[in-house]
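Take a look at the structures listed below.
Paired with subunit B in one complex and with subunit C in the other, subunit A is shared by the two complexes that follow.
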Partner chain A sequence: MTEPLLKICNLAVSFKTHYGQLEVTRGFNLTLNKGETVGIVGESGSGKTMSMLAMARLLPGQAYVSSGSIQFAGADLLDLNTSEFHQQISGKRIAMIFQEPMTALNPVYTIGRQLTETMLLHENASQAAANKRAIEMLEAVKMPQAALRMEQYPHQMSGGQQQRVMIAMALMNKPDLLIADEPTTALDVTVQDEIIQLLVDLQIRFGMAMIIISHDLGVVSRVSENIIVMCKGDTVETGKTAKVLTSPTHSYTKGLLECLWKLEDAHGIAKQSSTAAVLSVNNIEKTYSISGGLFRKSRTIQAVKPTSFSVFSGETLAIVGESGSGKSTIAKIINGLISTDQGQVLLGETPIENMSDKDRARVIQPIFQDPYSSLNPSQTIGYIVSRPLHIHNTIAASKIKKKALETLEKVGLSSDFYHRFPSQLSGGQRQRVAIARAIILEPKILICDEPTSALDVSIQEQILDLLCQLQKDLNMTMIVISHDMAVVGYLADRVFIMHNGEIIESGEASKVLKHPETDYAKKLMASVYSVPRAKIL
Partner chain B sequence: MLRFIMNRLLVVIAVALTLSVVAFFLLNIAIDPAQAIAGEEANFLEIEQVRERYGFDRPIAVRYLEWFSGLLQGDFGTSYYWNKPVYQLILERIPETLTLALMSLSVTVLVAIPLGCAAALKPNTMIDRFALGIAVSAQAIPNFWLGLMLIILLAVIYPIFPVSGDKTLYHFILPSLVLGTSSVPPVMRLMRTGLLEVMNADYIRTARSKGYFGWKLLIRHSLRNALLPVVSVLAVQLGHKFGGSVITESVFAINGLGRLALESILGADIPTVQILVFIFAFTFLALNLFADILNVYLDPRLRK
Partner chain C sequence: MNIINKLTAKKDLRDMTPSEVMLRKARTHKGFKFGLGLLLVIAFLGFIAPLFISVSPFEQDLSMRLLPPAWVDGGTWQHWLGTDGNGRDYLIRILYGARISMTIGLGAACVGMLIGVTLGIIAGFFGGWVDQVVNYILTCQLALPGLLLAMTIVFLVGPSILVVIVVIGALHWTLFLVVARAATKRIRSLDYVTAAQAIGASKFQIMTRDVLPNLKNQIIVIFTLEVGVAILSEASLSFLGVGIQPPTPSWGLLIAEGKDALFYQPWLIILPGIALFLLVLSINMMGDGIRDITDPESNIE
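Then we have the complex of A and B:
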């Protein structure tokens, strides 16, 4: 038996707060041999990232390791002082890649400088040698035209390319251990696939051990043989990935898998679709121009190419696509937030541009992606929810509070919430408030732009259920904008797939999601990871 | 890059034109130039004679065009009060003001930037409180008072520095301290908040994960990002020092542009005042342009 590369015993991380010490993770154990991979899964706040930041000495100011030991290659990492740790370990033997490649790279320095400095900091090498290594690594991460990239700045690259640069940077000193914290969460699904494949290949090529942190069971099951499931700071399950996912023992893991599978199974019950179009989109087109100055030609980007479709009463239409596909632009046009260049949107018979904002808002209401930023932090929930009634004067002022409380109840929030502020609510609760605010006017059409992307899996399912239920009860038409196939499968009756500003495929949800016809749609579906299933419970 | 500069230059020219109009019209409307030249005791006839001789009886727009075309040809006009060409007056005074402005800016930079960095690296500690204390006091203390106190303390009680005058660089130390101090608070605060924000950025976490820490982390990965907003403010502050040193120059008897402005105003010397107003404003514009260009150099995201 050789000694494991990494052995974490009973690690606990705590925060110093005004009320004393707050433990965020406890009893964390991990053993990792050279060249092995382990995945850590959990929802936000489960402590998965904290444990890893503790190991890499990147904990935020108030957090500290309150107990436990971290043995790495025979030495206790917690015994090293700051300078010893940074000189001997970080970037040299343990490297890390992060979730948001855009913000993780320094915007004011070239890629080349950021790559080479990693090597120059730890090795007594010449700039020429570092440049050579940097280009090698850029080639290893399959960056096209690697040598030319050295002079580029991060903002000149796409998200996927930036993440490749991050990976190349982590590999500069050929580390023994690579920690990847949600490496693909911020990327489009098709790019996600490429990055995950790349990580697996590189791990074998460089013989590194790897720890992959993710909320996505699909990603983890794809790359790692071992898995650790965390919940609220505790490790609830560990073992071989295949075994944990097929026969989970802890109720949390079981619940997580159930949610996931329920989401994956498109419910496919085709609702009675009426033939009356509530909304018709006729040949709309939108081109954004990036303005130049006096001497610069302005550039144009065609976000939406001429597009027509109808939405029928009572149905749920999903518009799917990756970032930049034009799906959000369509949502904004229908919401009246931006105008079209060509064509028009008809609401029943009336062109939407002829309606006042107030009239339109009576009929069409939006729900946005991020409930953390879409609610005014300085207003109470009661005020936020009842505000549309005050604006539209649909009911007598004396009845407004009653109506607001009823609506809160419909979205599953008790009357206690009426006087609270958004900051006192969880993400799921906030999204419920956003839904209550949208439905209080009883609109005909609800436009949900990525309604659950900011939420954890177990919460996602509840919110999607709620939306389904409300749609049925209030007889609304829903337009869902999403990049998440599971969400689309769960909600949609019909699906449009958008790519580069065009609808390239459309049809019934069950058909489009299971048997896509176009190459792009096939690629999109193939890049969704599903979790291996077995009968449980 | 060149296009950016050209664009900005056009804006500067447009603003400068507007400025010249405002400077000229305001002064010529506020003061009767003929009365100013003829003097307080002059009777109506004498004033009218002056008006005719100097051409003040012509419409103000005509006089403006004449003045501005002169300006373009390098003719700054002649001072009634000093009986000298205005350009000569200004050339004589520029070195003093320039020396004072640059020395006091150095004081600002040398005090505010390290203090701001120290405060940001150790937030909510004694160092941070100390820096904040300095910022608040520097903001609250008027220039003339600080000037007088420094003279009493460091020139009279302990005669280390000369009381006033502008003969040697040594004479400029006390006034630079006074003028420099007034700019410390905004620069220090901006440095502190800028650096605090940068230190919490994701790319700093990345740099740490590469093995950077301490001073190296500050210099290699944070300073340039945090300095971006500071550069713009420093340019504005330098503009203030160039044009706004009227009080400090008076307290320390430095014969710079500020004092020239004061004396010309008191003497109702319209040609000098309008040129000075124009120069002060133009310096401001030029410095802002310079700061913009520097920012583009420092921040590649602005280069397109």
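Then we have the complex of A and C:
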């Protein structure tokens, strides 16, 4: 076959907005042969998803294809009308899987019904034939006890299993092309690895072409031979993955790779920390109970099993674990936002529950994961940053604005930002504001809960640098909660690995990250993809 | 060309505060402009115009009883919209009625908002048994027959504008409560509320500074809806004789007084009916407009 399966020429997608036409991607080209894989990499807003949605005719309401052509198996997809497209192409020859399996599955139908639905509708297949094929596909995606799963509902499965179901559903009609949009981003790292491996296996087994969209160069480099790097709607680099990663030509790609390497390289510059414990945690325990209904028993979940540790002045402690490991619960307990069932947290000598909210606030401050929900949208940056000073009355009212501006400057924001609203700021800028709010009271301890996971790679590094710098300048102790090994390696002096509410491994960051001892820790480290190295140009 | 377009579009978004964005949307929203315009006209006619008309709404002239509007046979340009059963000028009575309707509509919606939003924020913020108690009150309120209760209360306390406002307001807060409670629950779980707790803000500070300002948009929409409902409630109460008392001209009362003459002088009912329809229409259109304008997802061309 000489003709490529998919050929996209000069595709541009535009949005009709209140302010005129806004082009989100332009000049997008892609050629894909049967059985090939291509990876599209870019940060949020780079247009990578939009160009794929355009092909699958899933563009949101105000978006439309403003120019270009999409040739699929010899036919121009843009020429088909909507009903032809749905009958011939979508779901049958082009299938798509999404980032959030939880929202993509219908919670009120069984897995079996959702899997067989398209086959029953479009192919007039018998229920038995459709069931047989669904079980086959569930087995293909390595779902344990496939036949039993058919009767289950989505909520009875883990996130990884749901994503497997989504993949099985995409494969039901033996598509020629599978588009995977951030297929592993919402999953835990150890599960991520399995799903990526599965996609690679399936692609070979079914001989599909595959397009994988991700912000994670590691994932893409593992899966695809060819790569397209996008930035702000433009394609900045395309070519063989190995070549692009070893000898990038565009400055954006180079910058992206440098950020990644820098993050990975920063291991083990352990700071000298004192032996004075600023915070000690003694045997804390937390159990959540989920109240039952009239006829159901209430259940309990032990989020944190009895745990003790100390944090020393000036150090950075990282708590690592997957979702549900209890790491965020510990962070909330230390912050005094939830109470413990057993044990206590001592700040210096004082138990945290004996401190007033204001006293605690002066010692310990949090930074949150999502800068989009951590700032009040109806208040100005100036108000948000200076609010702790208004509440605590530690300095004269006349000096508050000056102090707020100084603090904004410390986090790298000019005084222009003082009168702006959060909606006018980018994610990175918002996170800086959140940091400014946390440090304005000059706390001794900063608790960062996934401080960069909502941010793009190039901005992650800036924020991490800022945190390091501030820690040095203000002599703070930092507790970092994260699932991202690169972030942990960059910041941490000491690392705790948590699993099912317990600390299963602890020690110096360089030791734990490079030579993990427990099986779980080894698995965790093995599932971190590093981008193949080359000499930085 | 496209690139320039894109750049300018982006710049606009970045430089505008949320309120500027809303203002811009408001200027292009047809329904909103129509509703607001109509409302302003009615407000002008009700509050300002009567100052320039020397005719009193209470002056009776029994020789001019039950005149039809001027453009109908038997009408006279001395009384544009005719006269009622006591020979009072109908135009001026309807204009005065606009005052009563708007005062009661706004006043009652304010009373309802005060009750509903306060309870809603408290219930949503504290949750647990507080939420259950508030929910119980809500269920009781929903189970009561509103109009019947209003009639009883007004009958017992004695009718006056203030009593009517308070009674109607006290019976129309459930929508405020439901919306405020749901939105508060959502906001409460957001990180900026946690951040406020972490900097040592008191619960009251969080409720007034973090929760309330972010409820603003939803509350405005409910408020406009409730103004319309309150105006209709006042008309119903007055029609039933327990609202505004004669000779004060209220639209509901005008309809009630006109109903005896329904078959030979229908204008007495049609005219205040049209006035009522236009006022409620303008307020509802404005409310819909505000909903579109304040919704960040909406995109009005």
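We take it that the second predicted complex is superposed on the first by the 532 of 537 C-alpha atoms of A that agree within 3 Å, B and C clash if a C-alpha of one lies under 4 Å from a C-alpha of the other, contacts with A are read in each partner's own complex, and residues count from 1 in each chain.
Throughout what follows, a contact is a pair of C-beta atoms (placed from the backbone, for glycine too) under 8 Å apart; a residue touches a chain by one contact, two chains touch by 3 or more.
On a predicted model such as this, the values are computed, not experimentally measured, just so you know.
Undergrad: For the three-chain model obtained by superposing on subunit A, do subunit B and subunit C clash or fit?
TA: fit
Undergrad: Quick check on the superposed pair: does A:S423 touch subunit B, subunit C, both, or neither? Answer first, second, both or neither.
TA: A:S423 sits against subunit C, while subunit B stays out of touch.
Undergrad: Going by the contact rule set out at the top, does A:D234 touch subunit B (first), subunit C (second), both, or neither?
TA: neither
Undergrad: If we overlay the two complexes on their shared chain A, which of subunit B and subunit C does A:D465 touch? Say first, second, both or neither.
TA: Neither partner.
Undergrad: In this superposition, which partner touches a larger number of subunit A residues, subunit B or subunit C?
TA: Here the partner covering more residues of subunit A is C.
Undergrad: With the two structures laid over each other on chain A, which partner does A:E502 touch: subunit B (first), subunit C (second), both, or neither?
TA: A:E502 contacts neither subunit B nor subunit C.
Undergrad: With the two complexes overlaid on chain A, check the angle at subunit A between subunit B and subunit C, Cα centres, nearest 10°.
TA: Apex at subunit A; the opening toward subunit B and subunit C is 30 degrees.
Undergrad: Pick one for A:K92: touches subunit B only (first), subunit C only (second), both, or neither.
TA: first
Undergrad: Please give the nearest C-alpha separation between subunit B and subunit C in the three-chain superposition, to the whole Å.
TA: 6
Undergrad: Could you list which residues of subunit A make contact with subunit B in one structure and with subunit C in the other?
TA: No residue sits in both footprints.
Undergrad: Contact residues on subunit A for subunit C in the complex?
TA: Residues of subunit A touching subunit C: 12, 14, 16-23, 26, 62, 335-337, 356-358, 360-362, 364-366, 368-370, 373-379, 387-388, 391-392, 420-421, 423-424, 434, 437, 441.
Undergrad: What does subunit C use to touch subunit A in their complex?
TA: Residues of subunit C touching subunit A: 2-3, 5-6, 8-10, 12-18, 24-25, 28, 190-192, 194-202, 205, 209-210, 213-214, 216, 299-301.
Undergrad: Quick one: in the complex, what on subunit A touches subunit B?
TA: 56-58, 82-83, 86-87, 89-92, 95-96, 98, 100, 103-110, 117-118, 121-122, 153, 155, 166, 169, 293-296
Undergrad: Along subunit B, where are the residues that touch subunit A in the complex?
TA: It comes out as residues 3-4, 6-7, 10, 201-203, 205-214, 220-221, 224-225, 298-301.
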